[in-house]
Amino acid sequence: MDTNLALLLLLSPFVGFLFNIFFGKKVSRNVSGAIGTLTVLVSFLMSICFFAQLNQNGKALEIHLFDWISVHNFKLDFGLLLDQLSLLWLLFVTGIGSLIHLYSISYMHDDENMHKFFAYLNLFVFFMITLVVGDNLLVMFIGWEGVGLCSYLLIGFWHKNQDYNDAAKKAFIMNRIGDLGFLIGIFLLGSQFNTLNFSELKVALGGNLSLYTNICLCFAALCLFIGACGKSAQLPLYTWLPDAMAGPTPVSALIHAATMVTAGIFMVTRMNFLFDLTPEVQNIIAIVGALTALVAASIGLLQNDIKKVLAYSTVSQLGLMFLALGCGAYNVAVFHVITHAFFKACLFLGSGSVIHGLHGEQDMRKMGGLRKAMPITFWTMMISTLAIAGIFPFAGFWSKDEILMVAFEHNTILYVVASIASIMTAFYMFRLMYLTFFNDFRGTEEQKHHLHESPSLITIPLVILAILALIGGAINLPGSNWLNHFLEPILATKHEEHALGTHEYMLMGIALAGAVFGILWAYSKYIKQGFVPKQDSEITGFSKTIYNLYYVDEFYTFLIVRPLNSLSNFFRTTLETALGKLVFGFGTVANGLGTQGKKLQTGSIGLYLFAFVIGVLAILTYLFIAQ
Amino acid sequence: MNNILNQIGIENYIFLSVLLFCIGVFGVLYRRNAIIVFMSIEIMLNAVNLLFVAFSTYHQDAEGQVFVFFSMAVAAAEVAVGLAILVSVFRNIGSIDIANLKNLKG
Amino acid sequence: MDVTTILILLLVGAIATYFSGDKLASKVALVFSLGAFGLSLSLLSTYCNGGNISFIANWIDIPKVALAFKADGLAMAMVLLTTALTPLIIFSSFGNSFNNSKNFYALVMFMSFAMTGTFLAADGLLYYVFWELALIPIYFIALIWGNGDAEKRKKAVLKFFIYTLGGSLFMLIAFAYLYSKADSFLLEDLYKLDLTASEQCWVFFAFFLAYAIKIPIIPFHTWQAKVYQKAPTVGTMLLSGIMLKMGLYSVIRWQLPIAPDAAKTYMPVLIGLSIAGVIYGSIVALRQKDLKKLLAYSSLAHVGLIAAGCYTLTLDGLSGAVLQMIAHGFVIVGLFFAAEIIFRRYETRKIDEMGGIRTQTPKFTSMFMILVLASVALPGTFNFVGEFTVLYSLSQVNVWFAILGGTTIILGAYYMLKMFQNSMLGETNAKVFAEVTSNEAITFVVIIAFLLFFGLYPKPIVDLITPSLNEILSNINS
Amino acid sequence: MSPILITFYFLSAITLATAFLTIYSKNPIHSAIYLVLCFFSIAGHYLLFNAQFLAIVHIIVYSGAIMVLFLFTIMLMNLNKEDEVHKPRITRLGAITVFILMSVVLVTIFINSKTIMGDYDVSGEDFQSIKKLGNVLLNEYMVPFEFASILLLVAMIGVVLLSKKEKIGKSNE
């Protein structure tokens, strides 16, 4: 029974995908959208069922489906694992997924390929579920690559624009770099422990390990982290995520903010027993996380594309989550993942609503004063912005605060870096709000004329998400710590409770003060002075460097893409020709020998006779001597 | 006369035919006239025939002589054909100097 | 019933095709090749039920050559690959019209016959005969029905012919030497031979030359791209889908067990060379402008990985290599077919001249996309199973091999997606691109269904090949 | 010195001298005549061995048939002139060197291998009378004998074909 339900949970979006890809064109747009939404909703309901069941008996469910790949020292099953962690992820993936599907029905209504959009979205949800419920690393890898594929398909959804296609390709390839790391990590673990199954690995890692194994573990952990870097857009593989905003906004909300990019965090949390054994790698994770948070936030300060701002904020928030992971506070990271999913999805959907209202305009310099025209969008986004900025008592406050606290305990420098990133976050988020919703409208007259609030299919998800962003912190309030308790069974080391002492209150106060400072800074600059960002050409100095994303893309192009291309050209033109010539060389030598040998054939019979007789003589002499 | 080899010795015959053969070889190498070359070849053949007969007597066996008989038949055929070829060569080129026969030049 | 029936059927098919006349030729060939496929399936079931389907009889007394056909799991897998791909390839060519099509299809059938023989032969000389027989039809197919400038084509095809033939001659020398030692060409007798290290080394490299050219491993690959480009697509499919696998199969069947010590000694070098092929092929493919050439280099990269798997001398490596051979056989046929479909409509193979096809043909795009993804070994496709197993075996030897070999994951995605983007996506092309016909679609669907099914459930194939691979491994390690 | 030995040396001298003269004389006719003499002396050797049948056959075939052919050919080509250009000196020197070398090598070989030759014994059995030879030839060597006849036939046809005037030129006209 459980098997069937679990299969239903897994396959329902896949059915939606099949339906939409094969019949989507024949049925009306709404039906196609409805099917897409319903199938995800079914998964959501199933998740709730399992969640309730788990809450009751607290036992993780393991389901073996069939044998998949076998290598000589172990075999891999296609199996599902429904435990606390995967159910938590399932809940918000399918939950937010359903909302975003709902939203997309309206948002994508005018697109001729709407059925494809829903097909891809469903496929994405399917792969995401696979990723989450797989009971071994390789099944997770199916989902891992699968979501990458869907991300590729959806970023390049408007495939007529080659820039979008480039962005899609970039995302896929950068992910693949991480995937290679992931695979190598899998190999290392597999060859050491003869299994990739999570529960078996956990047992195996609990035993006594030799020094060599420990070194291997370090490498494995590092490789897995590289995989996570690719998927969760951390330094140095983060550049694909801002570009990925080329996709339709619901995609950005679902894949590139709420779910897929958190896969890295999911994986690290899943493998927490491994990372706990390798403190060196944890340190690397923490440092990378903090740096990413800082770098991405600083870039976000000056972006003018509304979605790019949100993208960098996502990268930055993911960095904070990795910081938490690096500090060993997996539950805190998971907490932030969940709250972040709420408010970031809401923000993206809100921005989508704005873009929708402005008929595709994404540049904040051409917005402004939308508060009146789009009140629901404004208020929902405001709530989410307050949440992301970390204002009491919104969801973001609790989770971010915990991260900062953990960082403080771990290392002061990390704490300072994270705090600066938080202040920047508050600043640029409010900059976004002020530029978009306050002051006067700066767009064209025609746009102004058409300004309107989005239809209810768009606003309902917004409202739900905003509510969640408001109260989402409740799942892990200091004191109750429901989430911490819930996650206890899957975490190898216990995370001790924070007793709320003065110390903690002080940290909370500092965080809050920082957020308020960021907001006020933005207020004074954009409301008081009515400052509007300059045109691209007028930006100079260091801000130009930031505005151009620290030239990281150019740097990568210069360092990797260009050399690779010139190497390819060199191979293709020079080396290939040279090798070809080398082979032809044999022919040329044979030919030359022939031309030279031809001269021996003088046609003079006398000479032949001489040669013949001398040859006979030579043979005779040889035979005689040899005797 | 059965004791002829006792008186002359097989070695003498061997030396004779070797010398005869070498003269044949010498002729082949020395002359340019195809007919003389041909004759030299006949000399070589005869040297070998001579040896055959000598050893036939030495071994008191008729087979050697039978072989010489066949060899003569072949030689006759060969000469006939060879001379016919020479005639047609002469007809085409106007000479049977082997230095002029250079169509084999590569 | 034994495996000779397949060979006979294919040969009869070739003859029947030749006499059936130009109009019927393709259909007759299809019927016979399907028949061969069905026959091999039924033989497979006999084999799986424990029946003996091998065949051995004396052929020539001096030297002692036997008509020995050994059908174990490995050979059957390869035979199935051949007999399954042949009808697909023939069917895929239904949209083309060839001059003298009876000759063309007869040659295709004959080639299929020769390749099947190569996979089955268990006698050195017999194997060699089949090996060389397979070369003749493809020479004529590429020469007569190829495309492009006739002079250049002749040059490329002749180069290919002499190159591969020259390589095989070394194999013949090796066989002659082995015969002088073992006094028999039979596979088992050759396995039993106890050669000294230096003898093994010579034999090993004589074989290696033949196989490295056929597979091809760099730097012996220079014939490949040009021939792929010049040959008609059917020829390219036969070459890349099946003929390359002859080399790889022979490595497993002949080279490694006959000279195991040499294989062990030179393992790092050989793996290194193969992996260099992976990286080299991928990098060259990055900037290819010709679609078929790009696919040729991608094929170079993939077979490099397969060869690396073979030379690891582990069960994982071998079985991964065999799985990847089968997967690659299907996917490359599909990809070349896609190139052919574009060519049928646009008369070009230059990627620059394509673009903007997706809006016009959603079905074709989807199928092409799936093939591209299978080619870059997305999990869930059969190629992933093979690539994963091979890479895993490489990581067992040395993790750096796995990392370097794994770059194919990145570079492969790069050049394939770039190709896909430039050829299919973008602003709608001004030229009309008709949607795939149902004939064309059937070919695609069969290939895709195969790849996806075995991608999720590769167990039947693994179970089929593992016992014979174990046997070979025990020969290597004894 | 027995008469036989004297006869042998005499015949040998004639054989070698005429053979050498065959090659040395400039006029092909002279060569041919010396060759006939050479053949006769070889026939003399055969007689010494008491191989009468062979001696007769030899005279008939060589001196009779072959030499006549040679003479005819020479006359047909009008070659009875001493107009042959000598080969270059180096060639002649080379020929002489090779001749000497060859003689030395062969003689050395035979001298060295003399030891393996047994003594000559006379069984007194008849082995070379015409009757005996005829028996051997037509019993044991029946098939080769017939083949020899075929060979001669073929040679005959071949010669006729070869020496026929070519008709190709005519048909073209």
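We call the chains A, B, C and D, going by the order they appear; numbering starts again at 1 in every chain.
Operating definition for what follows: contacts are C-beta pairs under 8 Å (C-beta built on N, C-alpha and C of every residue); 3 or more make two chains touch, one makes a residue touch a chain.
All of these numbers come straight from a predicted model, not from anything done at the bench.
Remark: the per-chain Cα centre closest to the mean position of all protein Cα atoms belongs to C.
Computed centre separation for the pair subunit B/subunit D is 5 angstrom, with centres defined by C-alpha atoms. Between the Cα centres of subunit B and subunit C there is a gap of 63 Å.
Centroid to centroid, with C-alpha atoms defining each point, subunit C and subunit D lie 67 Å apart. Rounded to a whole number, the gap between the C-alpha centres of subunit A and subunit B is 96 angstrom. For subunit D, the set of residues touching two or more other chains reads 87, 91, 94-95, 98, 102, 106. Counting only residues that touch two or more partner chains, subunit C has none. Multi-chain contact residues of subunit A (touching two or more other chains): 606, 610, 613. Contact annotation for chain pairs lists A-B, A-C, A-D, B-D, with touch applied as defined.
Of all residues in subunit D, those touching subunit B in their complex are 2, 4-5, 8, 12, 15-16, 19-20, 22-23, 28, 31-32, 35, 38-39, 42, 45-46, 48-51, 53-54, 57-58, 61-62, 65-66, 69-70, 73-74, 76-77, 79, 84-87, 91-92, 94-96, 98-99, 102-103, 106-107, 110, 114, 117, 120, 122-125, 127-128, 132-133, 136-137, 141, 144, 148, 151-152, 154-156, 158-159, 162-163, 165. Listed in rising order, the residues of subunit D touching subunit A in the complex are 87, 91, 94-95, 98, 101-102, 105-106, 108-109, 112. Residue ranges of subunit A in contact with subunit C, taken from their complex: 21, 66-72, 78, 116, 138, 141-142, 144-146, 149, 152, 156, 159-160, 162, 165-166, 169, 172-173, 176-177, 179-180, 183-184, 187-188, 190-191, 219, 564-565, 567-569, 571-572, 576, 579-580, 582-584, 586-587. Here subunit B touches subunit A in the complex through residues 25, 28-29, 32, 98-99, 101-106, going by the rule given at the top. On the subunit A side of its complex with subunit B, the touching residues are 597-606, 609-610, 613.
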